[in-house]
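Note that chain A is present in both complexes that follow, paired respectively with chain B and with chain C.
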Partner chain A sequence: MKIFERFLHIDRRIIFVLIFIGVALPLIWTLGFNLEVTENVQSVYDLLEGLEPGTRILISFDYGPSTKPEIQPMAIALMEQAFTNRIRIIAIALWPMGVQMCNEAFEKVSAEYPNIEYGIDFINLGYKVGGMVTINHMAKDFRSTFPTDAGGNPVDEFPIMKGIKNFDKLGCVISLSAGDPGLKQWVMIAHDTFGKPVCGGTTAVQAPIMLAYVNEQQQLVGLLGGLKGAAEYELLVNKPGFATKGMDAQSVAHIIIIIFILIGNIGYFATRKQDIMKA
Partner chain B sequence: MEILMHRIGIWIGVFLTFAIFSFLYKDNPFYKIAEQIFIGISAGYWFIYTIYNILIPNLFVPVTTDLAHNFLLLIPAFLGILMLCRLIPSIDWVSRYALAVVVGTTAGLFFKSYLQSDVLNQLTATIINPFASGNAAQIIGELILIIGTLTGIIYFFFSKKHEGAFGTTARVGIYFLMISFGAAFGYTVMSRISLLIGRLNFLLGDWLGIIKP
Partner chain C sequence: MRRQIPMLITFFVGTLIIVSEFIPHKPFGTLSTSLEGWFLIISGFAIILGQLSLFKVNIIKISRKAPNWPYYIIALVSFSIMVICGILWGTQKQPGLIPISDKMLNFFGYKPFDYIFKYMFENLSATMFSLLAFFMASASYRAFRARSPESTLLLVAAVLVMLGRTTIGSSLTGWIPESLSFLHLPNIASFIMKYPNTAGQRAILMCAGLGVIGSSLRIILGIERSYLGGK
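Right after this comes the complex of A and B.
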């Protein structure tokens, strides 16, 4: 019976070490676990595939470095798909560090697309404080909300901004979000108030909350949830990257955690039975 | 020079990463140092960021360059000064006026949006004909959606004692809630592991060069 008692008192540092090794090894040696594309991710992909070349979409970078491992791969995969289909991207940020996240993603992707030009195919309008109020204001007067791009140049100088006065000429809105302000605020204003199709990607923590908006009302067209959502999107655009590689490590870590949950439960029920018999 | 600075940056990142991870063994001075550096840099960064990216472009520049068209900005500026009065104990009560404006306007602005998105649209999305699709899996899914929503709402109805048929329905609601908590926990684990993957990618890729970052 001592073994069951030991199950209940495993040193947490042993678990940390095993998780560390379990995550590190698959990053070095790829295991290649199977990955299936879920309906919510497919819907986002289909929405972008259905847009005409030249259509402008808005991507809001509502996250920072703390959630970069989960969300940056989504940004890269979405940009890959957009530039492949000649869809033009207007980027903004509701989080201050979102501007840098956007620049990093664009720098990485644009290296593979030499024809992509800043101001024609892509623009980064920078950060604006205010969250939901800012989104509401953009929907009524886009230019007064973002009179310049992130570099301080007037937006009128850029062909991509021609005719953009509100959300009317945007194909859809995508929010890559790690919290508030983020995807929920875009759903509330861009879709529920102004009827614009909205989709996005979130951290895994946020995903169960946002999944409720992927419904019959199409409040969200689709959703990329956490690293898995990003990996599925990389699979769809056929550009396996950080998320795909990370899913191997993710799976191994989950197996280790499940094993320890089982060990803990076996120990708990076995010792409880023993206590009842003693009583 | 640029490469050298890049390498120094990576080594600082490595030191801070290990300093933070060391807390998993036990609390120690290295963890404390990393924690204090993080707090200090965050405070300094936000202070400067607020001045240069919020106050200067949104208040100081418009007011100093074209006051006639931007005089309304003086109202939020004044409210902001009132808010800073919290720092002076003898007149800290003045900040309540600014706070009252923030609370009032936020409540007013958000009320309609939240009602529309979180109540009306969510409710409409649940009022569906579950048998319309003809697909067995979809029918089961939509029935679960309807039953889960109704029983979940019943669980949170506390004006009637949870007994008999009402109690049984509420109990079903609890099961749905527990399943949703389990799903949320699973997603949270996934999220935290993703952050660890990010850090290990930095250590194994940017620092050691074992993998391609």
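Right after this comes the complex of A and C.
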């Protein structure tokens, strides 16, 4: 029964190769499995749909290139929904490279919406160091925290910033977050202290932690968790993109992992039975 | 005095911030806002300090030929190239010291800083993060064994969540009628994440919150002094 012993000690390079193939092939040839929209994702969508045209929302880009594959599709889908509904976006970044992430998302989306104008429908205020303190300071004095946009132009020049002194005139706050500072800090300050509706998107790894804030008090109105959350949002805004394609790759990778877990357990029980019989 | 004065400042500022949360009137409200402004300015300088520290640490390791010292050269060269490109030609939104020529812009399609960021840094960062998938696959195969009732429960929950978080999971149970939608794998995964997972996470968060309060009080009262440096 050496085969069962082999089940217990599969060379990890075999696992690596199969995961590589399992991820690469669905990215080339889409499998197109069905996707169901979960409650937390629907809540984010409904929140934005419920806003009046012209409402200003704040999107915080709290992630960098390492988590771009998971979070950037969320940013693109959220921007598409906002621009379709004529909702205006004030973007900031609590992560240094969030500025570039924001620019890239805006470049991609604005190409499809020629009527969208920088400074009227969208503004990128850039990066500010300080995390939670920055959020707290913004809530008390927005303009002294962000006196200029990412290009160094005074924010008073832009119509989108008219009357924005704190969070009062914002429809909601969305944080696309890959860690600290991020969504947790926005919940603690923007919602818990100043009562603004907060929702957001995180990496799949972070989602279980943030789910604790999706509760009766609506500390978080909704949550997009990982690539699946992004794919569900793409489905809701009817713009299948990278996340939808990536879900096939993720699905196959998960199936391969489950198969290996099963193989490991078959080997474990078979060898244990032999050991008991020998004893 | 080198330790007592910073400790007194910490006590004074810490107490002031706590008091200002309970008294939203002048001068407390404006004082805490001013202190937050100071924090943001100091944090900006901390970035410069961090960059200088990075340079110093790397140069020391290279000069001493520490293990894997050639990698530190690569780190320093990469860092310098990004800084020089950023200062000379600026970034997408920020102008640099010298205007970028049309020839260079046509060749790269972007300013040099943005070109390196988009086509090198982004891909390298995403690759590093993606490598986790391979190690997680290998670790799952070795760790998820039904050795005890607890580990079996963990194994079953993990498999259900993994399936529920995939499109294959949706397809596998998509045929189940709507009246039995609670049996859909995505809904089972959501249930596990929403109730058992959240209950555990909340307990952790509450304990962490109490821990933060405790350690903050220790710092304000001068019991915890490690932030002052030394022993």
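Here, the second predicted complex is superposed on the first by the 279 of 279 C-alpha atoms of A that agree within 3 Å, B and C clash if a C-alpha of one lies under 4 Å from a C-alpha of the other, contacts with A are read in each partner's own complex, and residues count from 1 in each chain.
Assume contacts are C-beta pairs under 8 Å (C-beta built on N, C-alpha and C of every residue); 3 or more make two chains touch, one makes a residue touch a chain.
Quick caveat, the model's predicted, so the values are computed rather than measured.
Participant: In the superposition on chain A, see if there is space for chain B and chain C together, and answer fit or clash.
Facilitator: Taken together on chain A, chain C would clash with chain B, as the superposition shows.
Participant: In the overlaid three-chain picture, which partner chain does A:Y127 touch, first (chain B) or second (chain C), both, or neither?
Facilitator: first
Participant: Mind working out whether A:S110 is in touch with chain B, chain C, both or neither, as first, second, both or neither?
Facilitator: Neither partner.
Participant: Of the partners chain B and chain C, which touch A:A253 in the superposed model: first, second, both, neither?
Facilitator: Both partners, chain B and chain C.
Participant: Return first, second, both or neither, reflecting whether A:F242 touches chain B, chain C, both chains, or no partner chain.
Facilitator: A:F242 contacts chain B only, not chain C.
Participant: State whether A:N34 touches chain B only (first), chain C only (second), both chains, or neither.
Facilitator: It touches chain C, and chain B stays clear.
Participant: So in the superposed three-chain picture, is A:Q217 touching just chain B, just chain C, both, or none of them (first/second/both/neither)?
Facilitator: First partner only.
Participant: Under the stated touch criterion, which partner chain does A:P208 make contact with: chain B (first), chain C (second), both, or neither?
Facilitator: In the superposition, A:P208 contacts both chain B and chain C.
Participant: With both complexes overlaid on chain A, does A:I189 touch chain B (first), chain C (second), both or neither?
Facilitator: First partner only, chain B.
Participant: Of the partners chain B and chain C, which touch A:P69 in the superposed model: first, second, both, neither?
Facilitator: both
Participant: Looking only at contacts as defined up top, I'd like to know whether chain B or chain C touches more of chain A.
Facilitator: C
Participant: Overlap of the chain B and chain C footprints on chain A, residue-wise?
Facilitator: Residues 16, 19-20, 23, 66-69, 129, 133, 136, 204, 207-208, 212, 215, 226, 228, 250, 253-254, 257, which sit in both footprints.
Participant: Taking the touch rule as given, give the residues of chain A at its contact with chain B in the complex, in rising order.
Facilitator: Interface residues on the chain A side: 13, 16, 19-20, 23-24, 27-28, 66-70, 96, 127, 129, 132-133, 136, 184, 187-189, 192-193, 203-205, 207-208, 212-213, 215-217, 219, 225-228, 242, 246, 249-250, 253-254, 257.
Participant: Looking at the complex, which residues from chain A come into contact with chain C?
Facilitator: Its residues touching chain C are 10, 12, 15-16, 19-20, 23, 31, 33-36, 38-40, 64-69, 97, 99-100, 103-104, 124, 126, 128-130, 133-134, 136-137, 140-141, 144-145, 149-152, 204, 207-209, 211-212, 214-215, 226, 228, 231, 247-248, 250-258, 260-261, 263-265, 268-269.
Participant: Which part of chain B faces chain A closely enough to touch in the complex?
Facilitator: By the definition above, chain B touches chain A via 24-25, 49, 53-54, 58, 109-110, 113-114, 116-117, 121-122, 124-126, 128, 180, 183-184, 187-191, 193-201, 204, 210-211.
Participant: Under the stated contact criterion, what part of chain C meets chain A in this complex?
Facilitator: So the residues of chain C touching chain A come out as 33, 36-37, 39-40, 43-44, 46-47, 92-94, 114, 117-118, 121-123, 125-126, 128-130, 133-134, 136-138, 140-142, 144-147, 155, 158-159, 162-163, 165-171, 174, 184, 186, 190, 193-194, 197-198, 201-202, 205.
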